[in-house]
Each structure stands twice: as structure tokens, then as C-alpha cells.
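Two complexes, one shared chain (chain A), two partners (chain B, chain C).
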Partner chain A sequence: MRLELGKIFIKDVQFADTTKVEKGILYINKNEMINELSGNEHIKSIEIELAHPGEEVRITPVKDVIEPRVKVEGPGGIFPGVLSKVDTVGSGRTHALKNVAVVTAGKIVGFQEGIIDMTGPGADYTPFSKLHNVVVIAEPIDGLKQYDHEAAVRMIGFKAAAYLGKIAKDLTPDEVKVYETEPLLESVKKYPDLPKVGYVYMLQTQGLLHDTYVYGVDAKKIVPTLLYPTEIMDGAIISGNCVSACDKNPTYVHLNNGIIEDLYEKHGKEINFVGVIITNENVYLADKERSSNWTAKLCKYLGLDGVIVSQEGFGNPDTDLIMNCKKIENEGVKTVIVTDEYAGRDGASQSLADADPKADAVVTNGNANETIVLPPMKRIIGTTEYVDVIAGGFAGSLREDGSIEVEIQAITGATNETGFVTLSAKGF
Partner chain B sequence: MVKEIERAGIPVVHICTVVPISLTVGANRIVPAVAIPHPLGNPALDANEEKNLRRKIVLKSLKALTAEVEGQTVFED
Partner chain C sequence: MSKKIVHYINQFFAGVGGEEKADIKPEVREGVIGPGMALNTALKGEAEIVATIICGDSYFNENLEEAKATILEMVKKYNPDLFIAGPAFNAGRYGVACGTIATAVKEELNIPAITGMYIENPGADMFKKSLYIIETGNSAAAMRTAVPAMAKLAIKMMKGEEIGSPAEDNYIPRGIRRNYFADERGSKRAVNMLMKKLKGEEYVTEYPMPDFDRVEPNPAVKDITKANIALVTSGGIVPKHNPDRIESSSASKYGKYDIANFADLTEADHETAHGGYDPVYANIDPDRVLPVDVLRDLEKEGAIGKLHRYFYTTVGNGTSVANSKAFAAEFAKELKADGVDAVILTST
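Entry: the complex of A and B
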């Protein structure tokens, strides 16, 4: 499967009379965009605000971040099974508006959404402070259930990204990158001397608003399966997660997964990157056992020499991570696991809830319990009302002057477990 | 908590969904629970069935509490 990804680099985003891209500037007709997103019976009103890198703006509570993309050639459309028909995507050509994101904000659960600061120390912790953010705030009707609210906001976010993405269809990309994964046997024949490497992509599926969807299927109901990496670039996997902000994968991260990107970079040179095994993180022990058995089985079946396993979230998914690691290693396939830590504010506690000697190659993306003081911002998009109860917040987090002391857990993407972060550890 | 209470000489049964974590932390008597969001219940069942389920888990735990164990033991059905 071969995908050309055309990138259009956006330098600025402004409201205007017509929605278009001209000389690298994205102009948005706000009323037209709001009309496009309206019509959901569960939503009372929609507002759109812009937030640019370096501005004194705080966006919270943040639910999802989505990159605008559009299918230009090839079967299907972006977000198959959700926004487009359920065709198999990942081939042909796709265009993406780079440096821009749709951010959905507003209270759903309250304590399980995140913070994005566009400047100051908090901005260094979130990769999304570097983007021109088109923030969509959807107000629910009174008495709406959380599940219906989440579903409505999720869909509005994708519609917003599709609305902006479709402008990119007729644009000439500034850069085109080609990704190709051949059928397994051909690929093995082509690179007989390179180690066969796979990616085990763990998806947060604990339920109770911690959900991920694959081609529209609630991923807690899948058994581990194979995807071409390019399917994911076309939105085959989407986030429906209201969960600790630092280490969930917003849809933007699924579309731009850095592990996939880096494996492709080395594909055909140092390794043979043969594909992605997706698996879930469920709340029944039998599901955890079954899914990790199957990832191990698939790794062996594909004849892999090594895999990278990335986690999403923390706590009991640490067990899914360790089960995957242990069982895959037991099949004679080498593993590197990618995770983050909850080692207490002093960093002295055990980092993961589960452990095993087989997990001897670990990449961490930081300690989510580290605290930070976020200075007051001139403009708040959304509300800081929930900061005291947000995951990573505590009584007194929100101070009278508008500054906030929180664990970095509350910052969207701060310890993302696909490495979509700037935090790193160095030995001296 | 399980380990500290046992250290004081009182036997403990850990009712726990993720048995591997319980094994890692060192509980000696482990009774598997239903699921992480509802360890001692199941919202898919009706009230009578659920009461029955809960009773079974408690009875199994009481039995586990009185059982002699040599090392870590998981009390399956």
C-alpha cells in the first residue's frame, strides 16, 4: 500500500469572508464554518476562536486535537467508518494542512480534559502550542448525558477538520512524502537481509469515555489485528477519549504517529518495517490476556525480529503493556516498550504499576506527577473552573491571580507515549 | 496495604481484577474480581443475579482467608 502525503504549510490563520488558503495563510469564514458544524440535536451553540503560538492564551478543558486532512486520490475518505464511508483507506494521495489544528474544548467530564498554554512554561510541555489552533467550543443542551455529549463533540471536531481539510484538495503541496508498505512476502523478498520490525500500537479502550475507534468500531470490541501504517495516516484510528491529558493520543497524534514516521524513515535502510499490530487496553482480565496472547501470536506469525510497543494512558494499562512485552519476548521477538511514569512528585515511587525482567528496553516520556506553575494568561478559551479537579490538579491549583499549579499530567500531550513530546532524559 | 496488614500478623485476601499486578506487589491470597470499573458487581446483570455474583465473591474470599497457603495463591473457581 502506497500513500503520497502532500503537506501544505500554513503560516497564519485568520477569520475572513471566504474560507481559503492564500500564500500560506488559512482564512476562515467563521459563520460558514459554524453553520457547517451545526445541526446536532445535542448541541445548543457553537463558537470558534483562534489561538496562535506565542499568544497569551490558555485553552481548557481540551478534549481532542485534530489535523485537517483530505483524500485527494484513492479509495475512501478521511475518518473512514466515522465521517466517510467505511472503505479501506491508506493508498493514493492525501493532503494535510500543517501547523494547524482543530481543538475541541469545553466541559464534558471536567476532570478528564486538558490544558494547552500557547506561551510560557506550559507551552514547552505541549506539542500543540506550536500550532495555529482553531478552537471549537460546543455548548451542550441542558441535561445532556456525558456519553451523548462526548459523541457530539467528537463528531463536531472531525467535521471541523474535514471542513478545513477540503480546502487542501486543490492546493499544490509544499512537500510530498511517499510512504509505502508492500505485502509481507514481497517485502521480505525485497529486503532479505534487514531485520523485520513491527509496531504494536496499544489503544486506550477502558470504556467510561476512555474509548478509541478503528474504522468506526469501538476498539474494546476488537481482537488484535493488522493495519498498513498508511491507513492510520488517513484517520483509520480516532480518539474518543476523555482521560488524563498528558498521555492519551489525541487524533492528531494518531494521524502523525512519530513511531510510524521514524520506522518508515529507517525502512529499507536499517530495518524492514512490515506493519502495525493494533491492540486494546480493556478492563476485564480475560480481555487483557486474550489481546496480549494475540499480539504475541501475530508477532510470531509475521516472523518479526523486533517490535516497538507503545502504551496509551497509565495505571492498569501498565499490565497490558507488560503482558505484551513478556509474551512477545517469550516468542523470541525483541521488544522496546514506550511508556511514561507516575513516580510521585519527587520521582521516588515505582514508575509503573506492573513490571517484568523481560522489559529491559524501555523508553520513558517523562514523569506525569512533576508539578509546574503556569502563569496567568490574558485570554482564556473555555473555562478554568475545573482546574482544581482536573486529573493532575488539586485543591488550590487555581490561584487568585489566575496562575495554576498542576502536575504536568493536566497538560495535553505532555508525556505522550508515542514520543510526540519534547521531554527527554539524558545521561551525564 | 495488603502487605502492611499482613506484616502486622493479620491474613489478607486481595480481591483484585488485574491479578498480575496483585502478584507483582506480593499479595498472598488473591481472589479475581469482575472488572476494573466494577470489581464486585456487574451492571449487565439484573439485581438478583448481581447479588448472587457478589455473594459468591465474598464467600470465596472468606474461604480463601481461612485457607492455609504456601506462597502466593490465586483462588480461581
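Entry: the complex of A and C
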């Protein structure tokens, strides 16, 4: 499967009469965009605001972050099984608006939505402070149940990204990158001497607003299966997560997964990157055992020499991570796991809820319990009303002057476990 | 003016004698003795050992409180900028003494303190979280490498410079995790680590797995109908009003309570001290967490030998592994001495 990803680099985003891209500037007709997103019976009102890198702006509570993309050639459309038909995506050509994202915000759904600061110390911890953010604030009708609320805001986010993405269809990309993965037997024939490497992509599926969808299927209900890496670049996997902001995978991260990108960098040269095994993180022991048995089985079946396993979330899924690692290693496949830590605010406690000597190659994306003081910002997009109750906040997090003391757990993307950021932790 | 250091060593390193002199009481001498000479040289005039305290290892460990108090008084007199104990290498009692006294100086006199040990010295595990312990070889032959490392860390601490990682400053990792921004993003680091692992090259994990203390279950009790069974809980069941004030979270103690006169725990006589779960149901019927009623039934039916007279209890909520271990080590001895054959451990 071969995908050309055309990138259009956006330098600025402004409201205007017509939605278009000109000389690297994205212009948005706000009313037209709001009309496009309206009509959901569960949503009372929609507002759109812009936030630029370096501005004194705080966005919260953040639900999802999504990069605008559009399918230009090849089967299917972006977000198959959700916005588009369920055609198998990942081949042909796709265009992406780079340096820009749709951010969904508005009244809280769960307790675990996040903060994006566009400047100051908090901005260093979120990868999304470097983007021009088109923030969609969707307010629910009164008395709406959490599940319906989450689903409504999730869909509005994808529609917003698709609305902006479709402008990119006729644009000439500034850069085109080609990603190609051959069918297994062909790739083995083509690269007989290269080690076969896979990526085990754990998807958060604990339920109660901790869900991920694959071609529109709730990933709780899948058994581990295989995807071409390029399918994910076309939105085959989307986030339905309201879990801790720091280590959830927003849809933006699925689309731009760093492990996939960095494995492709070495593909055909030092390794043969044969594909992605997706698996879930369910709460029942039988599900955990079945899924980890299957990931190990698939690794062996594909004849892999090595895999990288990434986690999403923490605590309960630590057991899935360790089960995957242990069982894959037991099949003789060399494993690196990517996680984050909950070592307490003083960093003195055990970081994971499970451990195994086989997990001898770990990449950590930092201790989520470390606290930070976020200074007051001139403009708040959304509301800081919920800062005390989101995961990582505590009674008194929001101070009278508008500054916020929280664990970095509350910052969107801070300890992302696909290694999307540079934060890490060391033992002292 | 150079800074002042007080040095602590045992009878052996002071040249007083070996095991036969291990019972000598603490004494203080002006200036340097034994390993202090090499330390003084390594401090390169930045600081000077003004006094050396000598104490026998047996005396210290057998008269802990007294020895500690005496030595603290001695240290106080010199008002040093830093306190150095050891290095103790792999000498177990010496290591524990160094760790104990250095921790006391640091915590009670507020004077920075360091020591040095071999990683397998029991004192290392006991004190690595509270102290910087320079990692040394396992015998005095390693003095040559231990001394410069201790002097370097001592100077850094006295100058108030930032302490580096365990690898940079040669101390035993304290298990404290601290964040930093790496040069490359995590995904890149993961791919590079995998490349090394695939090639069989050396790589460094970013999070060494902790040693999980997994306890293998004991073999089944041979004859349960004769067994003396005790109840132990981390669910916080205590006599009404929590007489020993066991904390609702991060417990620093456990309780031992007599249930000889109870066939059933009720709201009137027991409650939970635990702050980490909904206490309503445990308070209405404490047997739900500590099943005294059912065990009394089994006792009557002859299904078990008897229910032990005392139960042991603490609060598991946020309580550190170190505290939990220390509690159990202590009361497990009592349970054994009391002829208990089996324990039912309940949690929440």
C-alpha cells in the first residue's frame, strides 16, 4: 500500500469572508463553518475562536485535537466508517494542512479533559501550543447525558476538520512525502536481509468515555488485528477519549503517529517495517489475556524480529502493557515499550502498576504527577471552571489571580505515550 | 575560610581494633583519623575534617538511641557544614550505623550528610531514599575510588550546587523520578533503542523495572480443622473511635486489638479508619472487612481450630511499600511466636 502525503504549510489563520488558503494563510468564513457544523440535536450552540502560538491564551477543557486532511486520490475518504464510507483507506494521495488543528472545547464531558496554554511554561509541555488552533466550542443542551455529549462533540470536531481539510484538495502541496508498505511476502522478498519490525499500537478502550474507534468500530469489541501504517494516516483510528489529558492520543496524534513516522524513516534501509498490530486495553482480565495472547501470536505469525509497543493511559492499562511485552518477548521477539510514569508528586513512588524483568527496554515520556504553576492568561477560550476537578487538578488548583497549579497530567499531550514529545524522566 | 566537616568511622577504620573492640562507646577526636586523611587530601582545601567520631559497630546497633543522641551532641558542638559517615563498603552493621547517623544528622541537626557503601550493603537499601550514598566497591580495597567520589559530592553539596544523576555523581539511585526535556522525541528514542536491541548492542532503558516483591503463596494448611487462624487487614477496621489514631491515608502505624470477647463486630464497637473507600458499609457492619462473625461460626462448627485472640490492622490507602513491609515484619514475628498457623489477609 502506497500513500503520498502532500503537506501544505500554514503560516497564519484568520477569519474572512471566504474560506480558502492563499499564500500560506488559512482564511475561514466563520459563519459558514458554524453552519456546516450545526444541526446536532444535542448541541445548543457552537462558537469558533482562534488561538495562535505565543498568544496569551488558555484553552480548556480540551477534548480532542484534529489535523485537517482530505483524500485527493485513491479509495475512500478521511475518517472512514465515521464521516466517509468504510472503504479501506491508506493508498493514493492525501493532503494535510500542517501547523493548524481543530481543537474541541466547551462544557466538560468527564473529569479528564485538558489544558492547552499557547505561551508560558505550560506551552512547553503541550505539542499543540505550536499550532494555529481553530477552537470549536460546542455547548450541549441542558440535561444531556455524558455519552451523547461526548459523541456529539466528537462528531463536530471531525466535521470541522473535514470542512477545513477539503480546501486542501486542489492546493499544490509544499512537500510530498511517500510512505509505502508492501504485502508481507513481497516485502520479505524485497528486503531479505533486513530485520522485520512491527508496531503494537495499544488503544484506550476502558469504556466510560475511554474509547477509541477503528473504521467506526468501538475498539473494545475488536480482537487484535493488522493495519497498514498508511491507513492510520487517513483517519482509520480516531479518539473518543475523555481520559487524562497528558497521555491520551488525540486524533491528531493518531494521524501523525511518531512511532510510525520514525519507523518509516528506517524502512527499506535498516529495517523492514511490515505493519501495525492494533490491540485494545479492556478492563476484564479475560479480555486482557485474550488480546495480549493475540498480539504475541500475530508477532510470531508475521515472523517479526522486533516490535515497539505503545500504551495509552495509565494504571489499569499498565497490566496490558506488561502482558503484551512479556508474551511478545516470550515468542523471541525483541520488544521496546513506550509509556509514562505516575511516580507521585515527589517522584518517589513506583511509576507503573505492573512490572516484569522482560521489560528491559523502556522509553518513558515523563512523570505525570509533577506539578506546575501556569500563570494567568489574558484570554480564556472555553472556561477554567472545571480546573479543580479535571484529572491532575485538585481543590484550590485555580487561584484567585487566574493562575493554576496542577499536575502536568492536566496538560493535553504532556506525557504522550507514542513518544510524540521530548519530555522524559530520569532516576535520581 | 575553608568549610568544616565532621567524619564518622567505626572502631576498625579508626585502628582501635576488630570485632573484639566493636563494643566501644562513641568518642570524638580532633582532626583526622584513618580514611579521613585521604578524604582531607581529596577535598583540596575546599573543606577540612575538624573532628572524627569513632564508635563500635556493635555498640551503635545495640544501643541505637543512646549512641545516636551522644553522637548528635558531639556533632552539634562543631557546627560543621557537612557530615560524612564511612565509607562502609560491604560491612553490614557499619553500613546501617553510617546510614542511621547520617540520616539523624541531616534530619535532626539540618546539616547535610553523606555516606558511602557497596550496593549490597543492607544499609544501602535502608537509607538510599533519605541520603546520598556514594556507591563503593565491596571492600576497603576500593577506598581509592570511593574517596574522590565522596569528596566531589561533599564539595558540591557544601557549595549548594545541583546534584547530578546517579551516574554523574556516583551515588546509589534514590528512586526519585524527575522530569526533563530530552534532545529527541520519545518515538525516535524508542526506534533507536529497538535498533540497538536488534543488533545486540548495549542500550540503556529509561525506566529500570522496580523489583516487585511478589510473594509466592504458602502451601495449603495441612489440617485446617486444627489451625489457629489470625485476621490481618489493610482495610482499616479499628475499635470505635480509632484509639491509636491510625491515619486515614499514608499510615505510619498499625494496631493490634483483642477480639476474645467478640463473636460479631458491630457499629457500636468497631469502625474503619480508611479514607480511600466509601466507609458506609464497613461502618454499618465491620465484619464485611474483618470477618470475625464467619470465623466464629467456623470455629463452632469445628471447620477451623480457632480464631487467634488478636487482629492486626492498618490503612492501605496511600501507605508506602516501605511502611507496609516494616509493619508486617514486626507483627509476623509475634504471630509466629503466638503459634498462629495461618492468616487471612483482607483488603478493600
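Keep this in mind: the second predicted complex is superposed on the first by the 421 of 428 C-alpha atoms of A that agree within 3 Å, B and C clash if a C-alpha of one lies under 4 Å from a C-alpha of the other, contacts with A are read in each partner's own complex, and residues count from 1 in each chain.
Here, a residue touches a chain if its C-beta (ideal position, glycine included) is under 8 Å from a C-beta of that chain, and two chains touch if they have at least 3 such contacts.
Source: prediction; values computed, not measured.
Novice: Clash or fit: how do chain B and chain C relate after the overlay on chain A?
Specialist: Once chain A is superposed (C-alpha atoms), there is a clash between chain B and chain C.
Novice: Does the superposition put A:Leu304 against chain B (first), chain C (second), both, or neither?
Specialist: neither
Novice: Going by the contact rule set out at the top, does A:Ala343 touch chain B (first), chain C (second), both, or neither?
Specialist: second
Novice: Counting residues of chain A touched by each partner, does chain B or chain C come out ahead?
Specialist: Of chain B and chain C, more residues of chain A lie in contact with C.
Novice: Thinking of the overlay built on chain A, is A:Thr364 touched by chain B (first), by chain C (second), by both, or by neither?
Specialist: Second partner only.
Novice: In the overlay, answer first, second, both or neither for which of chain B and chain C A:Gly207 touches.
Specialist: The answer is first: A:Gly207 touches chain B but not chain C.
Novice: Under the stated touch criterion, which partner chain does A:Glu270 make contact with: chain B (first), chain C (second), both, or neither?
Specialist: Second partner only, chain C.
Novice: After lining up the shared chain so the two structures overlap, which partner does A:Lys334 touch, if you call chain B first and chain C second: first, second, both or neither?
Specialist: second
Novice: State whether A:Leu50 touches chain B only (first), chain C only (second), both chains, or neither.
Specialist: A:Leu50 contacts neither chain B nor chain C.
Novice: Pick one for A:Val103: touches chain B only (first), chain C only (second), both, or neither.
Specialist: It touches nothing on chain B or chain C.
Novice: If you stack the two complexes on chain A, which partner ends up touching A:Asp262: first (chain B), second (chain C), both, or neither?
Specialist: second
Novice: Following superposition on chain A, which residues of chain A contact chain B and also contact chain C?
Specialist: Correct list for chain A: 354-355.
Novice: If we count contacts the way the header does, which residues on chain C are in touch with chain A in the complex?
Specialist: By the definition above, chain C touches chain A via 129, 163, 165-166, 173-191, 193-195, 197-198, 203, 205-210, 212, 320-321.
Novice: Over in the complex, which chain B residues touch chain A? Could you list them?
Specialist: Contact set of chain B toward chain A: 17-21, 24, 32, 34-37.
Novice: Name, in rising order, each residue of chain A that touches chain B in their complex.
Specialist: 206-208, 283-285, 288, 316, 318-319, 322-323, 353-355
Novice: How about chain A: which of its residues touch chain C in the complex?
Specialist: The contact residues of chain A facing chain C are 124, 195, 197, 257-259, 261-263, 265-266, 270-271, 305-308, 310, 334-336, 338-339, 341, 343, 346-352, 354-357, 359-367, 370, 408, 416-428.
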